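First chain A sits with chain B, and in the next complex the same chain sits with chain C.
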Partner chain A sequence: MKRILSVVMALFPVVLLMGLTVSWVDGWPTLARWSVLGQSGIPVQEGLWTSAGVALVVAAISTILGAGTARAMQASRWRSVLMPLAWLPWAVSPVIAGILFMVVYLRAGIDGTVLSVMLAHLVFSGAYAVVLMDGFWRRDVARLEETGRTLGASGSHLFAHVLWPAMRRPLMLVFAQTFLISWFQYGVTLLVGAGRVQTLPVLVFGFVGEANVYLAAMASLLLVIPPMLLLWVTRNEWTT
Partner chain B sequence: MIAEGIRKAFRTASGEEAVLQGVSFALAPTDHVAILGASGSGKTTLLRILAGLERADAGRISLDDDDITDWPPERRRVVYMPQDALLFPHLSALENVLFPLRVQGISDADARERARPLMARLGLDAHAGKRPDALSGGQRQRVAFGRAILASPRVLLLDEPFGALDHAARSEMQSVFLDVVVEQSLATLFVTHDPGEALRIGTRWGHLAAGVLHLFHDREAFVTADRTGIPQERSFWASI
Partner chain C sequence: MRRGLASVLFPALFVMLVVVPIVVGVFVAVRYAFGWASVTEDGFTLAIWTRVLLQPDIWWSLAWSAVMSLAAVGASTALAFAALITKLDTRWVALLMAVPGTVAAFLVFHFGGAWLVKDPWGAGILVAHVLILAPFLTVLFTQAAQAVGLRALQDAARMCGATGRTTHRLVTWPVLWHRLRFHLLLLGIAFAGSFEIPLLLGRSWPEAVSVLAYNRFSRFSLETRPEAFVIVLVYMVLVGLLFAMAWRKTRTERA
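Right, the complex of A and B next:
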């Protein structure tokens, strides 16, 4: 029963958006309107690839940097000073941060580029990855490493047989969460991308502003499906 | 193992706090030295220094003819067993026990062959495939003990390993421990805050208080020394 309920709840927004993208007016619903995705001048397809590329790169870099930084911070005497810094991007409103980035990028001459958007997303996703991985390293991991060492394990053996198996799951969760942060980022992308970097959230807001319900629903559907697939693939990691 | 003049102090907000103040002792190859001490007396710090998990501020540790003071833990073959078993959570009971053999590059078949009698001896046959979270506290300690034994340590350091067990499990583990360490001719250093356990396990005894170790060379001297609290405890029980 719980399973059925969760599937229904998960599919509800998809069905709703799907309903908005098919034509009910001229007879039986068809997917005819989806053909606009292939037409030139409607940048939904390009927005999908831009969003996917940015989110994947940001999530990968955030996960690696977050794991390494959080690990280094455990041994640092400055941990109590550094940890609040990791929370700072979230304490500042993304829009305000976006304006700050915009000024910096304008001076650096990289405003309105995919690179500038990635760098801005990295500040939020990377900081969040540090916070999440800090929780992982603070558990018994260091003591398990010590145990392994007194049992004779070298650095490479420890990594392969103790650290990596313990890290795999948290890394997957950090990757999924940082992917979602970047994927749904709107305010910062709009400001830093200067309207030239068209990710899916930017397009959705644009279509909504134009009262273009069909395209807004279509782009929203594309925006919702990949995260739902990601949640589905990693479902065991979230629930155990 | 010979420890000479081990000193250690920790920095605290109110200045330096001396935890070990020139601890010295000698441990013969089949000695079982039980060190009695209250919480905060420096017991754990002493064991961690002997295992190479912490550096002493001063002093020297030698094992056989080697000066191992600066050796890393993985090179010492001095296994440290803490109160919580610290089993590798992603490995089964048997895989945990096999860990030190795999570290040594022993083939899986040979490792299993060597582990089989010990698993039976520790009553773990029926639990070999279970993950640590499916084992009781006593079973986890047996697995940790089996893992330590298969590492073929030159010295086994035990930090209140049975402290978290109930009375029955604790008594049973003490018997198993004594049988196995005698059988394997292991040198052990066992710290506890329980005088009864110290008397049962030890062949020599010590008392650690405020970072100063006092050694007793016979049982009578240990049980009659006021500093251990044993005479006071005996008179309490006699008065009931």
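Right, the complex of A and C next:
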């Protein structure tokens, strides 16, 4: 019973959105409306690829940055300064940050570009990755590494047989979480992208503004389903 | 040598990519807010500050954002706690984390009707916030419960004769609260700066502080743009103080 309730709760938004995109022909639901996505002038496909490209690049850079910075901070005398700075983006809401960055990027001549959107997303994703990876390095990894070194393991051997197996799971989680941060970002994209970088969240709001419910629902589904699949595939990592 | 290079390179990259944009942004905001970069002012002035700070809008917006955020975190915490003690299947509940603020706002906007769209009590904003926050907190509570071995503590309490209710009141909740209060504060701060949900579902007065700053920034008239920077700076100082206090308290307690 509890599982049924959980499943119903989890799929409820998807069912609602799906209901908005179906059309009824002779009493049967069809997905005929989805064919509009292939038409020219409907930027949903383009938005999907832009969102995916931005989020993948941001997540990849954030994960590497988070792992490297958090590791470097463990033995650094600057740790007490750098660690609070990693929480800094929490003090700045995305739209507040968007206002700050927009002026800076405007002066740098990169406003309204995919690059500026990626740089803005990196502020949040990168900082979050550092916080997450800091928790990983602070656990028993340093001791494991020390033990390996004492036993005579070389640098590459240590990485392949000690660090990488221990890091794989946290790295995957950090990648998934930073991907989601970038994928969902709206306020900062709206401002920094200056309306020219059309990611899926920006499109959803645009369609709602135009009272185009079908396209808003379709773009919403494309926004929700990939992370839902990602969460389902990594469900054991989140919940155990 | 390579380790030495990495220990400098990564923190330097972190500072360049995360810290510098915010610091430069704040510098620019200060220049605008004090009239140095404003098109309507000739030089240093406190006129923009007095104009903004003497208007009730900013204070109402800050208070409204704080109340909405507190309500969202409170309601979501209650729901997540209920999900934990009733042992809902977290693997499925976690899927709701895939619903972003834009989609939550759209769903409430479309299905909420007059009760939830631009209602005077912010009920629509609250529902949309809870829709995205409660699943996240449910996962967070489950992870925390596993990390502290909550089940063993609950079993011990029951063996000592505590009822289910007493166990939750005196063991489950205090253990989770102690472990997660800093996270809850951070989520409160994050939701106080929420934008897309109040933008779509909120009324024009009072506006959430992010919406107020955005509207002042994006108006056609350039006169209100410096006001947006004053709002941004006031918000950042208040949130920074709150965060610093919480950070200090947490560190003192750990020490």
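We take it that the second predicted complex is superposed on the first by the 228 of 240 C-alpha atoms of A that agree within 3 Å, B and C clash if a C-alpha of one lies under 4 Å from a C-alpha of the other, contacts with A are read in each partner's own complex, and residues count from 1 in each chain.
Throughout what follows, contacts are C-beta pairs under 8 Å (C-beta built on N, C-alpha and C of every residue); 3 or more make two chains touch, one makes a residue touch a chain.
Here the structure is a predicted model, which is why all the values come from computation and not from measurement.
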item: Touching partner for A:Leu151 - first (chain B), second (chain C), both, neither; value: first
item: Contacts of A:Gly68 with chain B and chain C, given as first, second, both or neither; value: second
item: Of chain B and chain C, the chain that contacts the larger number of chain A residues; value: C
item: Partner chain(s) touched by A:Leu231 [first = chain B, second = chain C, both, neither]; value: second
item: Where chain A meets both chain C and chain B, residue numbers; value: none
item: Contact footprint of chain A on chain C as seen in their complex; value: 2, 6-11, 13-15, 17-19, 21-22, 24-26, 28-29, 32, 86-107, 109-111, 131, 139, 142-143, 146, 186, 189-190, 192-196, 200, 210-211, 213-214, 217, 228-229, 232, 235-236, 239-240, 243, 247
item: Parts of chain B lying in touch with chain A, wherever the complex brings them together; value: 51-53, 72-74, 76-80, 82, 86, 88-91, 99-100, 102-104, 147-148, 151
item: Chain C-facing residues of chain A, complex; value: 2-3, 5-7, 9-11, 13, 16-17, 20, 65, 68-69, 71-73, 75-76, 78, 82, 84-97, 99-101, 103-104, 107, 119-120, 122-123, 126-127, 130, 155, 180, 183-184, 186-187, 191, 201, 204-205, 208, 213, 216-217, 220, 223-225, 227-228, 230-232, 235-236, 238-240
item: Interfacial residue positions of chain A with respect to chain B in the complex; value: 140, 143-144, 146-154, 157, 161-162, 165-166
